[in-house]
Amino acid sequence: MAEIGVGMLGYAFMGKAHSNAFKKIVYMTWPPPLEPRLVGIAGRDEAAVGEAATRYGYEYATSDWRKLVEDDSIGLFDNGGPNSLHAEPTIAAAQAGKHVICEKPLGRDADESYAIWQAVAATGVKHLCAFNYRFVPAIRLAREMIDAGELGEIRHFRGRYLQDWADDPSLDTWRFAPDDAGSGALGDIGTHVIDLARFLNGEIATVSGFAKTFVEGRKVDDAIEAAVEFENGSVGTIEGTRLALGRRNAFQWEINGSKGSLAFDMERLNELQVFRDDGDRARGFKTVLVSETDHPFWEHWWPPGHIIGWGDTFVHELHHMLEAIASDTDIAPYGATFEDGYRAGEVADAIVRSGQTGRRETVSYRSS
Amino acid sequence: MAEIGVGMLGYAFMGKAHSNAFKKIVYMTWPPPLEPRLVGIAGRDEAAVGEAATRYGYEYATSDWRKLVEDDSIGLFDNGGPNSLHAEPTIAAAQAGKHVICEKPLGRDADESYAIWQAVAATGVKHLCAFNYRFVPAIRLAREMIDAGELGEIRHFRGRYLQDWADDPSLDTWRFAPDDAGSGALGDIGTHVIDLARFLNGEIATVSGFAKTFVEGRKVDDAIEAAVEFENGSVGTIEGTRLALGRRNAFQWEINGSKGSLAFDMERLNELQVFRDDGDRARGFKTVLVSETDHPFWEHWWPPGHIIGWGDTFVHELHHMLEAIASDTDIAPYGATFEDGYRAGEVADAIVRSGQTGRRETVSYRSS
Amino acid sequence: MAEIGVGMLGYAFMGKAHSNAFKKIVYMTWPPPLEPRLVGIAGRDEAAVGEAATRYGYEYATSDWRKLVEDDSIGLFDNGGPNSLHAEPTIAAAQAGKHVICEKPLGRDADESYAIWQAVAATGVKHLCAFNYRFVPAIRLAREMIDAGELGEIRHFRGRYLQDWADDPSLDTWRFAPDDAGSGALGDIGTHVIDLARFLNGEIATVSGFAKTFVEGRKVDDAIEAAVEFENGSVGTIEGTRLALGRRNAFQWEINGSKGSLAFDMERLNELQVFRDDGDRARGFKTVLVSETDHPFWEHWWPPGHIIGWGDTFVHELHHMLEAIASDTDIAPYGATFEDGYRAGEVADAIVRSGQTGRRETVSYRSS
Amino acid sequence: MAEIGVGMLGYAFMGKAHSNAFKKIVYMTWPPPLEPRLVGIAGRDEAAVGEAATRYGYEYATSDWRKLVEDDSIGLFDNGGPNSLHAEPTIAAAQAGKHVICEKPLGRDADESYAIWQAVAATGVKHLCAFNYRFVPAIRLAREMIDAGELGEIRHFRGRYLQDWADDPSLDTWRFAPDDAGSGALGDIGTHVIDLARFLNGEIATVSGFAKTFVEGRKVDDAIEAAVEFENGSVGTIEGTRLALGRRNAFQWEINGSKGSLAFDMERLNELQVFRDDGDRARGFKTVLVSETDHPFWEHWWPPGHIIGWGDTFVHELHHMLEAIASDTDIAPYGATFEDGYRAGEVADAIVRSGQTGRRETVSYRSS
């Protein structure tokens, strides 16, 4: 089986999630498109990255990501580092001819995201912005149903990503440092909502909203709120907060169309709520356990009803990337490219701008 | 037992709901504060209003609401007519010394609502704007918990009222006629969201949003979307639509505070979702069946767990009005006064204005 | 409109529920089949029954139920008294030519139930055993779906009625007195499960189970457990307990057939869970809010989605009785006759017997 | 890091589940107690087992399980073969000094299970019967809460395992062959219910029930139903069926105690429903997302709210086995030993016996 050398930047949350996925792809998606060989892993803390290399089976650890870029045995560079480390290493890796994966948000704002996209696109490598929720089976099923016209004309998309871990002024992480993170809830979870809004319902035309900081002394936003209009004429809301007590990872969205509706909650990521206006006297939303043999990604897993976990979404995502590399197929439309990463950044910036100007802001995208 | 004569304007949906409540108050809320005597009912269709009088036991029917206003045996005038019939009859009844109930929205816009409020307040009668959802036990419980500080400092209110009956261009009702209704989803269900937002979380400071019409040829809005800021510093969204397929009467809201959260869905109106940040290892939202002996309004009903219906919220509401009349107590804060009706109108107007100007609109209230 | 005089025995829980229903029938089910005139109400506590007469509008109160039996203006005798007062008054009323309603359980055991049924049937009056849950819209819809073959061949019925109010040794009510009640959870809630099992799935052939008392000193059972076989070949369980902490009125059942399944919980009595094996890729249980214009009983109520309460099931039940009287139609199959009351008693007795003998007991019914 | 050689019997459903777990343990449970080295895998179909070896990374494949038993580099024999292949290979492996894991049911009936247990226990190796649901975080949390007395005295356990895949007479698998499987739903899913009943609530004293076959020509049972009494005085039901349409993997159970209740559904395996009778006015079941840092097994995974999948329960289970081997600690009480496997068999046999004799059957256990 053909293999591809992987260089990983970051060994913490995303490093763990991606490494696990590369290891599972080998045997859960059988046969895998390419066999990932875990070559090198980079991180700032030498002891920690060394332990990570041992743990996940990378051939070496380094505190200098440039070593990965220069390593010819690496064909795929996976950037799971803090947002401030997205641009330079990712661009360098692409320019060294490596295919690249970069965690979201692509850059710390639209400008940086645009620069990354442009620089990487110019190299011709495959690029994937790791909006992993596109690879939740229920969400792919939703996309397929919408594409097939099963919802008719869309009227509403409302999405909110609710977490509650940030309600502590003493918390200290790079996620609260403007230089490292760029923004707070906006970039961290707001961009997930924006990306799925675009994935499921197309481009956002205008936003009317704002970002908000609650915790004293915090330098990034805790929450965003926006009323939005889509290019297809539908309307709705986009929200994100890390201060919704009791909601741990509640990325909830609902879409209403002229023929049906869908609803979803990431805390029950194996389920899709489906309403069809089919004239059945027994009218209501179905709770669909998305785990049937004819459901997306399910050929890799278990008998129906035996649910998968959050970590498994990365298996699907990285499998998609490997398939694209192996067969030279497109990342889009099911995967998010760096252009998608950039576009999410434009919408995010527009929300901030709307908060500052007090105006409804039109989203406009720069061309490639 | 002291009685009070009731004159009812309207015999359809709201006429039925209010008449049923007056009849049940007599024996379900025992002893009732006042015994309502159903004196007269008015409506435009003579045959229909005559049948309604027979059906509900009114002493007479009339096609001229002025007859009710002139009837000295009537001490309480209840206006359940179309929005265009709110102002004149309600003001006339109050000026004739009758206590008045008026369905929401109070007027077709803030100006009309203000005029009604001012004219009626000047008479000194009791006035209640029939935002009946304040009288859902779960919602009163929510209010009591918030008042007691059980949620701490509030960060978010997000409310959406989703229905789906209006997705048919051929539908014809006064609710789609601008002159009769004033607005569409905005006045009909959007004002319910606005009122509960104010009831549970205080005044709204700014709105950024718009109204939207989907159905071709329809002259009123089908949906509203807004991002909002409250005077207490919390933020959130307000939405209303009559085109959310599969949602029949889904008035859903969630409040997040620094100590806990609450969530609700009118399709399960007997339940309140309660999260307390109490350090219990078993952390999560409780599904509280609001039907305990120490829960609001439950002294009138059944053993715990034996749920009540939507229609029963009017029993609580009209009981509150009768109690206020009998004991000369205030409608506020648990009941909505005409001032509340007016204030909901100001917020509604601000959403429309925001849609037109493309600006975040500040809500400002005229004084009494 | 033709009227019928009603005599009520009992003024507490069931007296309130039935009186409320008679009053609402007059205007909620329009036009009513017969107008109930509340003539007399009987109860042991003179002061209490007197107040009940005033409250509900009965023309007189009495502490001697025989007065109701002798009152020629009474055409319908409604027995909501303790179980020990079911037999004699009900039989006497029937023999005096009055139609009779009797609360469940019909008698304190199968023998007594049989005697009541036989004596009353001999008189030719209409008789209804008040298993009100047959008149929950979701349950009637279930029955209609099953009758129409929408579930195919039935394989399973499992029903459990869970309450938690009885977990207090100091509680004192007639429901714990063997002479008054006959049994504990068995007659009180177990018979509801048995009746719906029969209503939805036909006769029970065998039971293997027992009754169980937990609370020290209590003289009636707290719970029943049984594995059952039905005559149609399906199998399942029947359970009832008043010691399931956290369950207030959780009468839950599920039916599985070869074409679909249904599930229900009385704490959400407006909802029916419906699964159809229809080949839809979106496979799952629908949450059907049983409140559509083409749903059972809904012609009496509100627009779709505006739910009804537990108390409203009695409106449907007593309306059914009045309709049967007015039009001389059958109580069966949608209403429970005294024969149904007796048959529930036979199954209940068989569970007790199984507990005593340690054997699977065959249910056999005496003929009429 | 110390390693242990693993020999696997079976390459299909359970072979995949266990192999995946061994591979994930190495890096998800860091540092692992022992590093599993995948030495050999055995199965009847030479081509298939050869591909499985490649896929999962076993050093060799064989169609003769004896080769694994004779391989001195294998220290842990994991039997995921059909039930008829449990006894001989497992005993042989243990007698060769290898620690053993055997899938459930341990044997095809209590006699065979007893023989396996006795033979293996005599060798002194560690033995684990793979009732993996003990290793669901929510179920371990339940056990810990019960052990800590948080539920008080237990009154009820009711468990039912509902699947629907077997409703097709043309299906052909070893699971329908009496010689291969021993029984149908009973051994396959009924024993899971029995094991968790014992795990959470202690020994079962009596069973009153039966097994039932629906599908024509099928030689094993499709369903079991039983009313049960536990040694601690609590009572309840045990059910299992593979014909409950719409239920894919719905292993549901509920426990009611004098201080609280718990409820669970395997289709939402990350959630535990918790009721505490703590006097809070907001009374109800909590939906606990069992994914907090202080929840069982969660040290291995993700931030709170990022749920795990069914397959991950095996990671916990096999980690427990490796820990027991590495530290010479007991499999019990959190893991199921072969004695637990045997005891589940006794209860299962008693249900069959009860069906045959028509009597309540006492469960009695043979001593070790």
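As written, the chains take the letters A, B, C and D, and residue 1 is the first residue of each chain.
As a convention for this text, contacts are C-beta pairs under 8 Å (C-beta built on N, C-alpha and C of every residue); 3 or more make two chains touch, one makes a residue touch a chain.
What you see is a predicted model; the values in this text were computed from it and never measured.
Asks: Shared touching chains for chain B and chain C?
Replies: Chains touching both chain B and chain C: A, D.
Asks: What chain lies farthest away from chain A once each centre is taken as the mean of the Cα atoms?
Replies: C
Asks: Between chain A and chain D, tell me the centre distance in angstrom, where each centre is the average of that chain's C-alpha atoms.
Replies: A distance of 35 Å separates the two centres.
Asks: At what distance in angstrom does the C-alpha mean of chain D lie from that of chain C?
Replies: The mean C-alpha positions of chain C and chain D differ by 41 Å.
Asks: Using CA atom averages as chain centres, what separation in Å is found between chain A and chain C?
Replies: 54
Asks: Enumerate the residues of chain D that touch no fewer than two other chains.
Replies: Each of 247, 283-285, 289 in chain D touches at least two other chains.
Asks: Can you name the residues of chain B that touch chain C in the complex?
Replies: By the definition above, chain B touches chain C via 13, 17, 19-20, 23-24, 26-28, 30-31, 55-57, 163, 165, 247-250, 266-270, 289, 291, 301-312.
Asks: Would you pull the chain D residues touching chain C in the complex into a rising list?
Replies: 155-156, 158, 160, 162, 164, 167, 208-210, 212, 214, 222-223, 225-229, 233, 235-237, 239, 241, 243-247, 254, 256-261, 275, 277, 283-285, 354, 358-360
Asks: For a test of understanding, state which residues of chain C touch chain A in their complex under the given definition.
Replies: 141, 145, 271-272, 274, 276, 280-289, 292, 294-295
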